[in-house]
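In what follows, chain A forms one complex with chain B and a second complex with chain C.
Right after this comes the complex of A and B.
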């Protein structure tokens, strides 16, 4: 449906347009009316006559319609001095007319006071399009310093302006604006964001290096520092590994699918656990070096190593991971994450049952242990656990689930025949 | 739903009219550029356009070739170029480059830009700046409303959310106001308007102003009440995992403009299949609002019925068979096809969800909603991050944690953020800044006694000062106050007692009985009370901005016509399919019919993707 307010149509098709759209104002309206009639024939009624009325309304001669008591009146341009209740058209349209209207009304807004009243009226009208229109005018007619000063106390207008500059891609103006407003953290983030547009990794690295000194929060500053260090390391690792691709066994056996550049820290750690496991801490590509450089938590480190070594089916490494921490000669396995998680990760990497059951047996919660053991067919664990629980009934049920005459079937049968066991049921 | 519902719910208005209005206007605009022309269409306008006009319609109006706007150089030989675009500066700049390249090459063509749904001054300023103002004619295609189904109308403006709530740009306020104005003039007059939210209030005012002219003749009103709600009134609901069929399909396959592409694992063939999901699909119609746990049962029941219907052929003679083939077979085959698709989809969704330990995920979500075992939840989320499981999922859980807990403890915030950046990339610094700005993921301020202080101070000083203070406080950190709201409105059932999902007792069924969506609960309460009276504490916790307005439909407050029970709910910033399901349920319970008008259909993934800066 066409807009039903010719005032706005008037704005959009104001005299400047007519050379290419409409011949003259009368034509404009008649064409509009036609289209409107065509479109509205399905819908509403006798709008047609309104158009003439509405044209009149533009001259602000109408009677009050409705009230919006929350709008304060302003002593400003004559049109604006009337309380809002007396406008026949909406505030945005009024402003639009002031902005783009027939007599280039912008020209009359010369004093700062008038400009700011205009802006405040625009904000008051809630129409973002109009607010931005006024801001574009102000951008052209005020110095950056003054505009920024005036926007400090006008949060809504300021947000529109920032959004406009962003959409226009006027990075430099935006940085200056945020700086002059004292919003240094926002400014730092905005500058940091630019790195996303840099394709070349060496240039990106240099850019990130320059970002380190920006006024981030202390916390973010250390993240940006990490980002730089990471990319720096990745560039070195990438160069070396490209050389190694056709020489070193692990690369030949598991060709790299993508370069390590621009990958997150954890992906880089995973990569190093995959291709550079066991390297001494002194090398940039070693897991130990990455771990200490980026202060990776024990749990995180553990999970990543586990995932990488399991992926390679290096079960010996996996095993060592759990026992390495034992200084006192214990052989008991320890893990910073629940063993049910360990099982889950191993299983997702297609670990064989022999490996799986070792970790299933370490799950503390008995119920969870049984359900995992059942799920992954670790029969010995299920059977032994039921035996320990003296749960004859469950054992019988489980016997029904295993293959006839299989070792587990016989094991269950032996237990059930064992008269030494004092079953609880 | 196997639930006793009021039978007297009124019929919905016919929204296909909106499509006709939009199509007729587009045709009119195309005719403004007589002769053969090439048409360039903004990528995200293609599906909406496809819903109202087909290529033949365009060809009939002398559109020669169709192109998608891709911001690359063009290869059109036509001497008339027409661009159908969203009012975006980047697109206008691209067009300006084309025009200027033509000028430089001495190529003469005419150009027309049709902005949909409206022009922005900033776009025209670009034309002026690029020196082509006057060389290009511009127009507006006021295609505000696309009916996606009998009861869903979308503005198809996903950017509304980011522009308005994150950017603080109110450019779409008038657009939403115009959309409402259109509905009001075609299906109104509405007699009551309720709303909550800053944007909702502005949209309401914009609509009322637009409606000032020509509000005299009132045709038979088809919609009685409108309810406007801002998305930021309730972020928790769209961030919860969807478990109702339609929502789940959206979460997993992504419904686009009412249509979904089912992948080969669903169709059990080599091809993907595009399917329209709406009430025309009878199978879908029966399961869309169901909790996923019921869907298999319903589908197999349908399969049995279908079998029985097919089986009837057996005892037929030739004549009966003939009738059967001509009258029933086609319908049965159609149903058969749909049934197998939805069964395939259910299976595929089941598989994917089992693989990602959905049960544990839901358990964590429910604990967060309940405020129970928060440490366990945090370590679950932490592990999720550590294992680099989906970047968006981790973000979703973090936001849910922050929203339900009124922010994270500083040490948790720092540690989780650091781990997140390590797992998914340091550039998410920008994501975190956005989420903080929006209040989705925040750090608790030292001494979380601000609210207490605020109200104490409030007693001592005058209103104006309180207002200023409140502003100062709220700019520190927008608080969600979820726990308090949940208590007030009884959103989370106290005990997780048995909840029969087959015969739901309240809207909580859409989240397995664990949580009644805040947005829908508010609507229910306001309709029941016919206003905000008695909800003062609730609105205070929601940062106010609630309103009741007469809606220009005259003074007949006591009218009991059917239209009074037709309620239009407008979500500013988007709504999820789960919310629509909840409203459908509420409607059945109370004898209402809800029409959902939304700036876009969202889900957790879309909402959070809009917060990513590297996505543009």
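Right after this comes the complex of A and C.
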């Protein structure tokens, strides 16, 4: 049942010229070049063909354009009628003809030479669909080795083939192809990517283990190794912690919101600082172990511990984290991260003023120190700092901000009354 | 006729009309009443070509969204699927067709592939046993879509990735085809210039296509004098940097899609007199953004700092215009005033909208996060400490800021420094993988392949030199103008000084079509518009691209899809 408009029926059903067929000699593709023909319309009869095709208007200019009559050229209608038709996908007449009402078959292409010619012409026509069609045919009719060998020297066809294999999810074929092309790193990464499709963590772990020996770049190889190690440990931690959920205090007080499996390293470290802080380095779940196994930077480590312990309001742990013994056995606070950030994190976790104060006082930049101290109402620090700066004016201003007759108020007043101090203003 | 397309030097309505005509023809091919089942992604681009009214004229009675299961009941003769050539969508179509209620009157099924058909998709339909049930299977080649009077885009998201990562030139082929279509309507462009490998390929393809059409010269006098093809990777820095024009910021923060932006509704709540506090709207406010809106056309390309002043000025003008009613004494004057009212009211609404938008943007631009980020970007661009690991980036990673933000900054540093030292690169990679997960090895690998992230080679870093020469431009340029402009001026070097003598109108402005292969940002468009206005009798620019991008969408297109199974 025709769907096209009545006036087009004749148009579609007639053909001014004999189209190219495959009864001609296989290797005489160039026979057409001497005859100037217009192939009026090459159309697929939509109803009796399974493989649909575009409707095209093509005409042959007669000039040799390669060995294949890939075609269209048409006088432009000055009006805008179907301007895009001229630029529709142009196909080798061969393929179009094959498709027209007949079985889609490349059977006549038997020799390797013919097949490669077909591929080269398809590439020349630049039509993705045609190239793909030919590649599918070649995939079936050539051995993997021969195909990949031939593709090595045909970049465009190769890319199309890789794209095709990806689209069709043919992982194995793709990996083999990349291997034979010597694109070993790509192959390794592609295989690594597959781990995302494995849901079961034990199977995933085994898969990652198998990936380790693949030809990654040296850096990537160490990352994959880490990934495996991490997952291996996470499985163990997860198993143990699931048991501990109803028994150990910290798990009961702060029930776990999610499993630790497949989490990034830093998240795992945070988890470990939360639930397993203080455990000896020998255990997989201890922060110290995670830190050393994965060579976590000092900054990251400090920030993570701080975040976790502050959340649990374990201020002593925070204190110990920053305390270091110097040469003389005196303790001193050190931090790879600025103390203003420490203050920030502590404050976000509602640390009491006494705790905040301790760290505000360690902020190096005086302006920042004063500003933080004011923000968090660490009065003593403000007062002492202004006193050190001998800034009487600021002290007076600040006195206006504190509560009347409070200890701070009196402290400021005492200072202001102190005649010994050489104020600068 | 789309109003916004008529304001440019080149009437892009012709292109749009051509596309509409094709659409009409296809719809008529499926004679009778019809319902369209939409691949949602396509509704945006189609909206630029045709509205529902056109579809209605061709008997489209219902529209549905493509989803699995049974199609809704609709008393129509034809069901047409408008889909991209994606295998997953074929499965849904098959599902729809198979689930058709056998007891009802059978409907005819058709498929329209946009922007082109795919053998694999048709094979899939065949495998699922539905290909035979489809009456018309066609392709609707939507290559270059006019977005505004001087802007065309193919909206091909994957173009950059395909060209620079996968070495796949399919999108370049389609670019060449799109340009051939353009030439059929606007005349063969006499000169083609380009920079970059992809530009070369496109030019070669175009010349070949032209040869294949030899003997059929178009009679149309060329509208465009020159075509300038530019590979995106000639300048990777500009798309990575935060844009600072009004339109650029809207895109960075809220994302402009197909000429529309969706904004948080709170600031747009209508305050009607006499009514109490209404419930705040929950639906995002959708605004159309194009040059048909006078105010928008004025402020879109300005540096955001200058927008406040422009809005203020406009507010005064509009106020004054409304005040005119007091001066209208005669019937004639009153009549004239009333006739201008709709225009004035539209201007006032426009002003209100953009004042709200500007406020929303200001909230972001005055934030510490924005300021800190911008500071680091500018440090990189001026070559400060680009060879060391950057503390701000490190801190952002530690805070677990969105990964794309991190990647943008790291890539920027790499580009500005002409590659990173091994130690620095390793450091960033490790920090990223440790914080965001190992699966991101794949994305980092992609970025390296695309040249956005790389190891420093022995060759000299040539960015400082470029910067010095262009600093001259910056000094002269108007303060109000976009700050990333100088990078575009760099590209202006490639526009030839010699004028073609034979073709083209003498004494009139030249029109150059600049085609960015791999994406273009609104900031760059703004810069080219500025150039267009700069010289009298100089060149005017029409911009085309494979995709309108910003730093976020740019990086995103290079990220591996990492859907972890639930």
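Keep in mind that, in the parts below, the second predicted complex is superposed on the first by the 259 of 425 C-alpha atoms of A that agree within 3 Å, B and C clash if a C-alpha of one lies under 4 Å from a C-alpha of the other, contacts with A are read in each partner's own complex, and residues count from 1 in each chain.
The definition used in the following text is that a contact is a pair of C-beta atoms (placed from the backbone, for glycine too) under 8 Å apart; a residue touches a chain by one contact, two chains touch by 3 or more.
A quick note: this is a predicted structure, and the numbers were derived from the prediction, not measured.
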| message | On the A-aligned overlay, A:117 touches which partner chain: chain B = first, chain C = second, or both, or neither? | response | neither
| query | Now for A:389: first (chain B), second (chain C), both, or neither, which partner does it touch? | reply | neither
| said: One more residue to check, A:265. First (chain B), second (chain C), both or neither? | reply: both
| field | Which superposed partner A:199 touches (first chain B, second chain C, both, neither) | value | second
| request: Go through chain A and flag every residue that touches chain B in one model and chain C in the other. | output: 3-5, 46-47, 50, 54, 65, 88, 90, 126, 128-130, 132-133, 155-156, 159-160, 162-164, 167-168, 189, 192-193, 195-196, 219-220, 223-224, 226-227, 230, 262-266, 294, 296-297, 299-300, 303, 341
| Contact residues on chain A for chain C in the complex? | 3-5, 46-47, 50-52, 54-55, 61, 63, 65, 70-76, 78, 80-84, 86-90, 126, 128-130, 132-133, 155-156, 159-160, 162-164, 167-168, 189, 192-193, 195-197, 199, 219-220, 223-224, 226-227, 230, 262-266, 294-297, 299-300, 303, 341
| field | For the chain C and chain A complex, residues of the former touching the latter | value | 14, 17-18, 21-22, 25, 28-31, 87, 116-120, 122, 126, 131-132, 134-139, 141, 166-170, 173, 177, 180-181, 184-185, 205, 209, 211-216, 218-220, 394-395, 398, 400, 426, 429-431, 433-439, 441-442, 445, 560, 562-565
| field | Residue ranges of chain B touching chain A (in the complex, touch as defined) | value | 17, 20-21, 24-25, 28, 32, 88-90, 118-122, 125, 133-140, 142, 163, 167-174, 178, 181-182, 185-186, 202, 205-206, 208-210, 212-214, 217, 219, 357, 382-383, 386-388, 414, 417-419, 421-427, 429-430, 433, 613-614
| remark: Listed in rising order, the residues of chain A that touch chain B in the complex are 1-5, 12, 16-17, 19-21, 35, 38-39, 42-47, 50, 53-54, 57, 65-66, 68, 88, 90-92, 96, 99-100, 126-133, 136, 155-156, 159-160, 162-164, 166-168, 186, 189, 192-193, 195-196, 219-220, 223-224, 226-227, 230, 262-267, 294, 296-297, 299-300, 303-304, 307, 337, 341, 344-345
